[in-house]
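What follows is a group of structures, each given as structure tokens.
Look for chain A in each of the two complexes below; its partner is chain B in the first and chain C in the second.
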Partner chain A sequence: MSREFRSRSRVATLLLLIVFASLSARNTFAQQIDAARFIVEGMETPVIRVIEGCIRRIDKEPQSYRRYYELAATLDAHELLAEATTYYQKALTLKPDHLQSLYNCGLTYEFLGRPEDAKKSWDQIISKDPQHPQTNFRIGEFYFRKGALDEALACFQIFIASQPDSAIGHSRIGRTLLQLDRPAESLVELEKVLQMSPLDRPTLVTISQALLRAGNREKAQEIQQQLKDDDFLSDSLILLDPLRTEVAIRAVNSTSCIARAENHEKKGEYASALMEYELAAAGQPNNARIAHRSGKVLVALGNSASAIEYFDRAIALDSTFVDAYHNRGVARQIAGIRAAAVADFRKVLELEPGHPFATEQLQKLGEL
Partner chain B sequence: MSRLLCTWTSALFILGVILFVAGGCQKSVAPPPIVALKNLPVDALQLRVILDEQRKTAADIKNPEQRGSLAMALEANGLPALAIEEYHAASILDTNEPIWPYREASTRLDSGETDRAIEELAAVTEKFPAFAPAWHRLATARIDIGDDVGAEDAIRRLMELVPDSIRARTTAAEILVATGDAPAALKILEKVTQEDRQYEWAYRLLGHVYLRVGQSGPVVESLLQKTMGAERKYEEDARENKLLTFQTGRVFELKLCTSLLEQNRADVALPRLQKALRGFPDDLQLRLLVAQAHQGVGNKTAALKEIHRILGTNPKFISAYLLKTNFEIQNGDRLAASVGAYNNDVRSHYRIAAAAATEAISHAPDNWRAQFARGRAEAKLSNDAVARIHLKKARELEPDSSEICMHLFEVCRRLNDRALALATIETAMELDPENLTGWVKLGMFHVTGENLAEAQKALQRAARINPAHPAVQSLRGRIANLQSKKKDN
Partner chain C sequence: MSANRSPLPRLLQLMVLSVLVLASCQQDSQETAQLRSEPPWLVDVTSSSGVDFIYHSYESGSRLLPAHIGAGLALFDADRDGDLDLYLVQGNDRLPGIGKQSDLPNRFFRQESPWQFVDATAESGLGDGGFGIGATTGDFDNDGWTDIYVSNYGPDVLYRNRGDGTFEDVTESAGIDVQGFSASCAFADIDRDGDLDLFITQYVEFDAETKCTSAAGRPEFCGPEAFPPSRNILLRNDGDGTFTNISTESGIASIAAASLGICCDDFNGDGWIDFYVANDAHENNLWINQKDGTFVDDAAILGVSLNLNGQKEAGMGVIAADLDGNSSTDLFVTHLDMESNTFYRNLGEQMGFMDDSGISGLGPSSMNYTGFGVVAFDLELDGDLDLFVANGRVRSGPKRPGTKSPPPWDHYSEPNLCYINSGSGRFVDGKEIVGDFSSVVETSRGLAAGDIDGDGDLDLVVSNIEGPARLYRNDAPRAGSWLRIRATDRNQGRPLLGTRISVTDGDRVIIRTISAASSYATATPAVVHIGAKDPGSKVMVRWPSGEREEFNTGDWNRTIDLYRGEGKKVE
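Right after this comes the complex of A and B.
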């Protein structure tokens, strides 16, 4: 009887131990995440919410590499790079060949000034997929910076083989060929870039250098003159990089939201812009400029009644905000609230005497 | 001894009965007094609904349902503080009913007493854990204050109660997107919007989620634009429908009935408007809508009678002239469909339309609508030169209307004023690039001018909108004819 009791109690103890062991293993990773490490004072509310959300999801699914990747990418998107690498690595311990984690972890290492670690991370991708275009591009950049030009050229050529319409790919090949003192071949590549992006300043600079090396001084001077005179030149080449985009879209801080909103505005996508401005305002509720911009897109959407509410908010936050008074005046005029519109235009002139638009509006209304 | 035992047994039995009755029955509570309804900031229509409920409540002051009903009438007509008192009274009278404390908390939440409302909602969910509306409202209130953990807990409990609910699942998606799991939110919303195509808030959220996963462009933009005014909806107790039936007021009726008339639901709008007009017999805007509703249900005589009554009261009420112009043009068009455009009766309608528009212009020469109305009426009478004058004036006053441009184009085309016709239709197409008919008309215009290249461009634009549209096919045929004619030459 007592032997049986003893053996039963042993089995029970063993079972309990197994249960406890499994419970502690389940929380191994989760317990290590201390939100306080990256949630600092002054951090915007939407950013805190997404980071904490990621942590809670890890808590629920501690064995999911995807949940760790999501946290890493979220931290990465908000420039918490050192922390991001930690969780990319956690994701990789659970799924060592996870492409997104390897690639973006490499990039965060690079941003942190650890190029060799970056290269190691990318090499793991290349070992599985030697033709992976964006990784070859990144490794090409790594070699170029190190001065390993032949290796860089080989990587860029792999990249361009699968992305033949990439201006930035041709630009990198052209630049590398120039460094290799092969100006004629470089010019061929750079001409391709110009066909796609005729106003790209760095490409024109490289072309003028290549022309000088090739002995075509006259043409080089012509381009240098263009570089001086043409106000429309810009750095326009972008690497289409879906793996990086997956990270960037996670950014919900006001700066990122405003940048996206401006982009939408340029395309006339006012409702999308408004959505981004609203998210930006959640991060910076006391920013008069964001409220003002929301009001402006609402005017563009033909919703002057709501626009007036946003301008009211902007003015409540900054009573000297000239543009907000002016635009509220415009919105009120559209809404048929003439007297209030006149009062706004007069306020603009009080704050900024001679304001041309307010003067014009008052003249149109027969009030000046 | 045995008698003593018997007495004790009887006493215990009586005590037991008393305890049973007291425990099982509702404690009788003195009904709280009805809220004082003096100097309410409401209009005549709202007051009528509220006083009606107050009268019923006074007759049955102990009835929690009736107290709740008065509270709803107060809430629906913008009197939240009084509504809260009455909801509270209802919940005192029936402590086993979750809806009254729930409505009390909801009303508080809507009036900005967020913290107290959340506390009260939490208390309701604790006392009545099977009452879904309170869990739902609690979840959304917590999302709004950024208490994501609390929101997640509330939505989990709600989903246990109503796992298939569209509204609850939409809120679950809302929490996911706020906490950074947009792909999971997307999965939910794509399903939800397939199951229920009416819930605009879910579509709005879907648009938001598309942006969060990096998808933007015209489709997402259109989705967000179309759902600009969308609002969340909550799990409901059937009795909450009363809130909608109690909602009234002049402004509310004007807005609702305008929307009903836009949706061609004049039959629904007319009785509402007639009822509203009894509260505001001198309100010309309401009467104007009554006229529109009469026209909508096909009662032309009643419509014109209302318009004349308006103009009898205020001969400078421009909207009435414009409505009369529209009616007469519509009536003329309908008649023309059976007897032809040159019939005397048809022209008589158009002449009355033109006269009404002329009268409007005499009162407001810078009103583009009046100028546009006159232009349309004159065009119907084939007085194209006069029509051109008024449509040009309308366009000057309202340069952003593609509709004016299209009418002006037609008139200029008939007058063979090709330069103005072309400039006008090009502006129209800039203002409304998705107007298939406009592109076809532009194409036809170029065909008649034998400008093959421009006609083809217009055809391409039209075909991009709907390549199979008969008008597009017709334009294609005309262009082919022109091509072969040019080849032969």
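Right after this comes the complex of A and C.
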């Protein structure tokens, strides 16, 4: 081997070492984060890209709490919960009073079955802002689940003080009071819920129980009969536990969810489409179109009862939504609720006279 | 309990337990205390038992729903030799989209001597090769021998016990044609005509073409909402060896609700058998017997259709038992993670039920687990019912430390739960005292309790997805005496399911109902087992026909047979 070659070889080796050292330095954070922990076989490419993007941004701004928060929220939204808490904590190391990290981290601990850790996280928020409504609601839930009802009631009351129109707030107070064997007070709260959502079946169920406990058996039986007879009663979406919704809402891009849902729908993958629409709805809860599309997918899945709930939601959000009335009519017809279906088709004609499909349906039903 | 265990350590353990339970009641009433004990109270004795069964899901990446539903089991005395035999339900390769693999049948293990089983599948004729979900037992033809009904994804099968160690498939001759996705089932005499009718829960209209993904976009098992829910089936026993499908006229088929769990008891105290059905993501049903062959769902008005927040939950397994010791039957339903299991306390006096999961200590501690099988029995014979829950996820999650399941089930496995009753319906975490039962991390489904070794305390059997069925021997220290009660009709010789037994323990009354159906897709022995610290000498019996009789218990710590019509009549 010539001297010149050896010299060149040494230079090349040196260069390689420099490049390697440089690459090693650049990869420090990526290695620390160890993306392989959460990028696993079978994961969808867009999800991987989002996570990788978060990691790259951390590389560029390693001292930014926000970058860690973004990664945590992204992992959280994709059910990588244990990993998410690690990065919420990292964000909190850099900015200990970041309320959103504290709040989200609490939710994630809750999902991981670590309610005591969740509460510790939320307690830090309360120490800074004792009236923080959402945190009080969450701590109220924590106590409620444990059966610590007086503590739960106090938290829910703080929540409702700042959110007086919250159906779920009144619902929780009403149910807590019932559990505390205070049925008369419970009824007052539950009636408020019913005013906001008159057809909510679970609330009527609880009202009937509260009436029984209050000694008004006659009225309780009246409601019980209504529960048996009335096909229009359904679960109100405004009363769903927001915990799941809150988790899903984080770091979710509703537009991309809708795009993915439409893609699934075109391919006939209705269950996947439904999941994406639900994620999209979490990001845009007042979007009647998303609720309507979810309803349509549920009809395709053969679940007309749930579909009706989604069409109800769409109509509640947009009372002039012709397609929602039409499709609810179809779903009700499938579910055997003929009179209600006819009412929907008539509403379609009222909003859009001459609507061909509604006309056809009414003719088939012998109503035209 | 084996003979070589010294009573002194047991006594010490018991004292420690008593102090801990007392302490747990005195500390912050909301905290779930944790008990500890060495040696453990439940010991895995599978390896030396001769039971070598592994449930195969045939999961190959497609994440088809039936593969994760898993399977239950039946623990019953098939040959009337006085000990319990074991029937384990197997999955199969008959799911759409799964390549042909070798057929693995359900297996029947006959117990020869305490904890010694032999595989008697071939000679018994019980090796059904369908995609098994569960089993229930009952003597449908009143010949004194316990028969077995197998629920499948696909056609169900009814086996008649010939009484000579063999069974015959009488599905067709009995007029049974149940297809679809059956889950838990229950034999019960709904019309008091002296023979057993059959309630079969049906899950969903599964379609293998429907695919689901997780939030991360990975293939995942679909939930029930991805499919239309199915309607349950009620078969009336016509008394001549055949059944008639009365699902529609009875009202049972009026609701489609993705049912998975069932238990039966007289929930409204009118002396007629009712059914409680746990539904997955749908309201639960409490079918109240109208005494004319029809049923009305009163779950909503009695407060057991939804949880305390008015939410539908993912009901899987269920038991009906007096968990708080107030002489009325409560309900306990296992659920998905983040929902908590639900304890519906019976308020009595026609006030319905109240979700007391939080106050009882059973709620928050279960939120991190997906519960399936569930049993309640008196582990340490102190007069109250303790609770045991078999867990295993239906959605992939982080691997738990110590998982024994192979991929992908290592992402679905969870430890089981044990709760010790403090005596009044408040429960404390007993996982540290039951050892193997709660430390093994697998994807569990079926769970049954029975006195396998005949020593007077109840042992456990758990079925697992892609893992061995496990047998746990009860080595708990004993706080009192025990009584095992068989209630039968001398002419028919069969256990009278639905019989309600009450005995006294000091100044309290213990009630139990004879049932072979509860838990998840699982059959339990049709006997009543009672523990008591201060046992009484009388047994009050209400037979399924509504008649009441009183018997003397005689000495405790033994099995007694009560025959209808041979006690002292009580008005």
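We take it that the second predicted complex is superposed on the first by the 199 of 368 C-alpha atoms of A that agree within 3 Å, B and C clash if a C-alpha of one lies under 4 Å from a C-alpha of the other, contacts with A are read in each partner's own complex, and residues count from 1 in each chain.
Just so we're on the same page, a contact is a pair of C-beta atoms (placed from the backbone, for glycine too) under 8 Å apart; a residue touches a chain by one contact, two chains touch by 3 or more.
Because the structure is predicted, anything quoted here is derived from the model rather than measured.
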{"item": "Touched partner set for A:L112, first chain B, second chain C, both or neither", "value": "second"}
{"item": "Contacts of A:T86 with chain B and chain C, given as first, second, both or neither", "value": "neither"}
{"item": "Contacts of A:E52 with chain B and chain C, given as first, second, both or neither", "value": "first"}
{"item": "Touching partner for A:R175 - first (chain B), second (chain C), both, neither", "value": "second"}
{"item": "Touching partner for A:T74 - first (chain B), second (chain C), both, neither", "value": "first"}
{"item": "Chain B versus chain C as contact partner of A:S272, first or second or both or neither", "value": "both"}
{"item": "First (chain B), second (chain C), both or neither touched by A:N303", "value": "both"}
{"item": "Footprint overlap on chain A, where chain B in one structure and chain C in the other make contact", "value": "46, 269-272, 274-275, 301, 303"}
{"item": "Sites on chain A touched by chain C in the complex", "value": "40, 42-44, 46-47, 77-82, 110-115, 143-149, 171-172, 175, 179, 200-203, 205-206, 208-209, 212-213, 220, 224, 227-228, 235, 239-241, 243-244, 248, 268-272, 274-275, 279, 298, 301-303, 306"}
{"item": "Contact set on chain C toward chain A in their complex", "value": "30, 205, 209-219, 222, 225-229, 296, 300-301, 303, 305-306, 308-312, 337-338, 340, 351-352, 354, 356-361, 363-364, 367-369, 397-398"}
{"item": "Interfacial residue positions of chain A with respect to chain B in the complex", "value": "45-46, 49-54, 56-57, 70, 74, 245-246, 249-250, 252, 260, 264, 269-272, 274-276, 301, 303"}
{"item": "Touching residues on chain B, where the partner in the complex is chain A", "value": "146, 148-149, 152, 176, 178-181, 207-208, 211-214, 216-218, 220-221, 224-225, 228"}
